[in-house]
Amino acid sequence: MSTQSQKSALVVSAHPGDFVWRTGGAVALHVKRGYRVKIVCLSYGARGESQGAWKQPGATLDAVKRQRHDEAQRVAELFGAEIEFFDTEDYPLDLNRAMLDRLVEVYREVQPAFVLTHASADPYNYDHPDAARFAQQARIVAQAAGHDPGAKTLGAPPVFLFEPHQPEQCDFKPNVILNIDEVWDIKRQAFEFLPAQRHLWDYYTRVALQRGAQGGRNSGRSATYGTAQGMTYGEAYQRVFPMVLEELA
Amino acid sequence: MSTQSQKSALVVSAHPGDFVWRTGGAVALHVKRGYRVKIVCLSYGARGESQGAWKQPGATLDAVKRQRHDEAQRVAELFGAEIEFFDTEDYPLDLNRAMLDRLVEVYREVQPAFVLTHASADPYNYDHPDAARFAQQARIVAQAAGHDPGAKTLGAPPVFLFEPHQPEQCDFKPNVILNIDEVWDIKRQAFEFLPAQRHLWDYYTRVALQRGAQGGRNSGRSATYGTAQGMTYGEAYQRVFPMVLEELA
Amino acid sequence: MSTQSQKSALVVSAHPGDFVWRTGGAVALHVKRGYRVKIVCLSYGARGESQGAWKQPGATLDAVKRQRHDEAQRVAELFGAEIEFFDTEDYPLDLNRAMLDRLVEVYREVQPAFVLTHASADPYNYDHPDAARFAQQARIVAQAAGHDPGAKTLGAPPVFLFEPHQPEQCDFKPNVILNIDEVWDIKRQAFEFLPAQRHLWDYYTRVALQRGAQGGRNSGRSATYGTAQGMTYGEAYQRVFPMVLEELA
Amino acid sequence: MSTQSQKSALVVSAHPGDFVWRTGGAVALHVKRGYRVKIVCLSYGARGESQGAWKQPGATLDAVKRQRHDEAQRVAELFGAEIEFFDTEDYPLDLNRAMLDRLVEVYREVQPAFVLTHASADPYNYDHPDAARFAQQARIVAQAAGHDPGAKTLGAPPVFLFEPHQPEQCDFKPNVILNIDEVWDIKRQAFEFLPAQRHLWDYYTRVALQRGAQGGRNSGRSATYGTAQGMTYGEAYQRVFPMVLEELA
Amino acid sequence: MSTQSQKSALVVSAHPGDFVWRTGGAVALHVKRGYRVKIVCLSYGARGESQGAWKQPGATLDAVKRQRHDEAQRVAELFGAEIEFFDTEDYPLDLNRAMLDRLVEVYREVQPAFVLTHASADPYNYDHPDAARFAQQARIVAQAAGHDPGAKTLGAPPVFLFEPHQPEQCDFKPNVILNIDEVWDIKRQAFEFLPAQRHLWDYYTRVALQRGAQGGRNSGRSATYGTAQGMTYGEAYQRVFPMVLEELA
Amino acid sequence: MSTQSQKSALVVSAHPGDFVWRTGGAVALHVKRGYRVKIVCLSYGARGESQGAWKQPGATLDAVKRQRHDEAQRVAELFGAEIEFFDTEDYPLDLNRAMLDRLVEVYREVQPAFVLTHASADPYNYDHPDAARFAQQARIVAQAAGHDPGAKTLGAPPVFLFEPHQPEQCDFKPNVILNIDEVWDIKRQAFEFLPAQRHLWDYYTRVALQRGAQGGRNSGRSATYGTAQGMTYGEAYQRVFPMVLEELA
């Protein structure tokens, strides 16, 4: 349960795998830092992100959804995060007004210090930009005094877009690299809860190592610059809105 | 004098006015925070940024340079910053290898925690992108072990580009807004040391107010979002390299 | 009433405030020049743009809409423009086919010499790009001979996008600055008809002054270039389609 | 009928004219090369692309559609391609879920070696980007094992966007020029099956000649570079996804 | 000779052919409208744009330059324009400070109402962007009171970039189309003064026809929109700075 | 020596490491395919890319250059490629006209079927874009009949930009992925010839694996799409000019 002073964060993910590969480090890290982290998982990815599950004899939509629900639930527990499933269809997402209203409620209840969602373009998977638009649309509605008047409105939490599968093809340009060394073992462990996407385990381990190396280089903490302490694992994000600072360094 | 633990910052400016209008708040603020701030002023802007001075009867290049030197020196003193003049010609800048080597030395001596310079494009004034390239080129050379071997090399300080006169025409997209409320009175006072550009005093006062209002809105500190404490004056920057974070909020 | 030779213009605005802050000068100026100007105001902005109104005890959606209707009506009268309300919901806009058909009719009836609407992106307010797409979609349909066959079709009026609240964040790059000196007092007076957004009065006064100063600079009419007559207030626009000219100056 | 070894291609076009002007050469060429080429024509363009037809006395929507159907059918036959009409309305396109499912079936049945569709932006005609999104959305759904489980899924055929009417205004940047010399006479003949758009015959003949000249220049086959054999007619395309090569030349 | 009230224009061209293909219509048209038009031709294009000339037996650099000088001179006379040759080498351009100073003098003497030069990128020919930068750099220096103090400075004439050979590859996005119907015969005649580039005559005739057709469409003067008077030949330009208007239509 | 029918390729690299990490696979692969591959290595990277070497006691510029020369020579031999060193200084590159002329000669002598060089932007290392511009500039000059008249000119070989260290920060968008499985062991072996950059061995192994996985996905050869044969190692390139094709698949 959230106390008044506990900070919180919100993740809006199109499918279960996304919040593991793309932002699992941020989730686990902020839980470790004492944040309440809530994940909204819009769909089970049953049609598009469950190739492995459909190879099982007698697979049905319900069975696949249940399997993915359980996997995602276990990962959320491993991370120490809350998760809520909107159970919309995927490929394509079938988002509606009631879901928008529910997401607005979630924003207002969670009052996140920051929001994590998908990038704005992905020619390989239109569910991702659709989820991103939905997440940002709901954030804006949650700020409006006239939506469900009397309810506590939302401030202006920053939005961080997480890394798509092929970043350059999605016009993704990271401006933030998060050091996830402290929680890498947890993130890596979560991969194993997703046996149907085994081919991605190594891929996203390498993504973490590349972003870690880049983080070291951009912060001057890498071996190249002769600093004692480096970083090894990272996650890349693209911050949407300008940040407001009291000091530049 | 810089003690070992004092943080420092470096500003590279094409002409004297630039470091006043575009980044005077950052300079004064970080001095107030205890930073050593060094300004490298590449030219006196004698040809291109001294329209007023040339209207005085008998104006000569030397006299105009001396006047601008004195103005810039006084502003630097007001800010509590160091200033070094490279005295290259302006319109266009006539930068050479010796100046590059000197700027590399400055980087290595100052070891800035961050760097402030011009944006990468300006169709109204090519001295600005030329200065920006020069400042960033020197930063890279200062990192190279083989340049003046044995000297202490530079780490990877972040670079912030300051706001050009007509930002959209320069493809300037701010991702950082610095709150300069604490030092606004100093920045505004500095404007008056530049009598030849009186027509810009109000212009840059309004820039500060607009960026302040945007800062409030982006941080949720503005009146719109019902928070007690807002901000009034801001300076906008575009951070060049990704930032490395241990936490997102 | 429009005579055959009277030129006309069409404004499509998501919320009432938009046509005041962003394009009030163009509306008043062209009315003064003898144009018939028609404003289509898609929503009352009751949910998202009426923060002040909801602070009144006992506020209801109907009451807020009525208040905003009256404010917008009064501003239109002040400007000498016609206004038609589509009364869709806002946050998000709930535009439908009937509204599209009605807007097509308006285009064909008004036969505007130019169209004013929102910019194509706004991460702070998705109603704005939604309105822009709707306005441009209707313009295209109005050109189609097969829509409501027999009705007079539309030519190819240019579209000007008006300035969003934080232009760089919306990828807004102005290529037109309109001199609104003649009607500035009217535009400024209109601000006061919007008491709930009092925090924007000064903001948009400064926007007008900045665009005015830039207009002077881009036309060589500013004091900097030693010309007698300058301009003081401006509005910035982004023209969507190429302009066709008989002479370049 | 498609034998196992026959290669195939799929074209998704908003209106009948589009597949003639923009990609008629590719269709005819690949048929000549032995491909099965299937065209999905989403609408008849009855409202927006049939200005000429509506000038006939007594024109009705049905009559216009029938006329355009017959024209498109004749062109497809001339090209040796299959054509399927989805008969959605145009201006705007009124695409629905059943049409998406049908297009997914087509993808899976045709198993195209490549896909041809519209560019992603067109401020003159929103039906074009709407068709492009629909075509790419369906391609992605066709890859998903969970959509109509058990059916043969689709691989990852490349997508080529064909040239819009005013390419620079649509942010169209060609990276492929197809030599259509072998089939130019067929393409040109097809123009004459579209009498209502006679004003475009010469326009698209010139487009073919310009792209041909550019193709010669980019391949070093033009007279400029002194090579014996040039090319005369071309079609420009923008390939969406990276190509995978075993050799660079 | 220029009288006080005569308007003037300045063209800065890398090679002789450029001002013919890319902007010959604008030159001839404005001369016809009573403008003084001055062309600065930076190089003779002897190395890179004279493939034909070098095929003549015994060709020397001097002879090629003389031939191109004569051709360019004849075209300028046909257009009724002045021409000044800077005779720098081409491929690459070898521009120096003395040439910059001379171009500044030309700007100040001509006081052009507008400037025509190359686009900012051209991966096929780096002389073009180099010339463009040089032309814009000189324009800025000509505005500076401190350059050759006492001389009459330049105002802020708009800059129009003319169309490169393969516009999309040069990120050229036209926002102005000039109607050159009145002078097309002159422009076409000029082509024949350039026999070495005969392969471009038809190419640039088609460019003019395409831009003419687009001009008609963008202005609603084309047959498509049922207007009596169309336009046939056009030249496309990209205006660099915002235009300042007193009225939008 | 090159026989008439042997195809060839040219690589232009700023420093020795670059042609190993970024394009070593392409070099080795095309040698294996029977190409003559020539590498022009502009500098020894002695100042900027030899951090390790400078840590050796008594290091001098000459000694460092000699060491890097030997390493690069050994790698070239391993690859079976020719290499020519221009021995310009690095950080910054100090390229001059004689070097440009020499590179033009190389282009004309090699007559490459394709060219490999750096990307056009790199805020971490300005030597890279400087080398890229130089390589492309020389290619254009080599096409000019008037440069060293009588020599055999160059055709229009395509240019492929190789992958920078942090691709998104360099606006690098790959449109070609080369399968380097056949030569991966050679590329990996070459890494070990560069002991001073040991921290990059794993980094670029992961780059190759990521590009390999993406290559599989984009070609439908990956496990995801159920095809038997995949690819494991790749190199990403950005093709500069449109490709001309006789068939799209």
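Here are some notes:
We just call them A, B, C, D, E and F in the order they show up, numbering each chain from 1.
Following the convention adopted for this analysis, a contact is a pair of C-beta atoms (placed from the backbone, for glycine too) under 8 Å apart; a residue touches a chain by one contact, two chains touch by 3 or more.
The shown structure was predicted, so the numbers you read here are calculated from the model rather than taken from an experiment.
Considering every other chain in turn, the ones in contact with both subunit D and subunit F prove to be A, E. Among the remaining chains, the Cα-based centre furthest from that of subunit B is the centre of D. Mean C-alpha position of subunit A lies 37 Å from that of subunit C.
Subunit C and subunit F have CA centres that are 52 Å apart. Touching two or more other chains at once are residues 51, 124, 143, 169, 174, 214, 217, 241-242 of subunit B. Contacting chain pairs in the structure are A-B, A-C, A-D, A-F, B-C, B-E, B-F, C-D, C-E, D-E, D-F, E-F.
Subunit F makes touch with subunit B in their complex at residues 46-48, 50-51, 53-55, 59, 61, 64, 91-92, 123-126, 169.
Of all the residues in subunit B, the ones that touch subunit A in their complex are 7, 9, 26, 29-30, 33, 113-114, 116, 143, 153, 155-158, 160, 174-179, 214-221, 225-227, 231, 234, 236-237, 239, 241-249. By the touch criterion stated above, subunit D contacts subunit A in their complex at residues 100, 133, 136-137, 140-141, 143-147, 149, 240-242.
Per the touch definition, subunit D reaches subunit E in the complex via residues 51, 124, 165-169, 172-174, 199, 202-203, 206-207, 209-210, 213-214, 217, 222-224.
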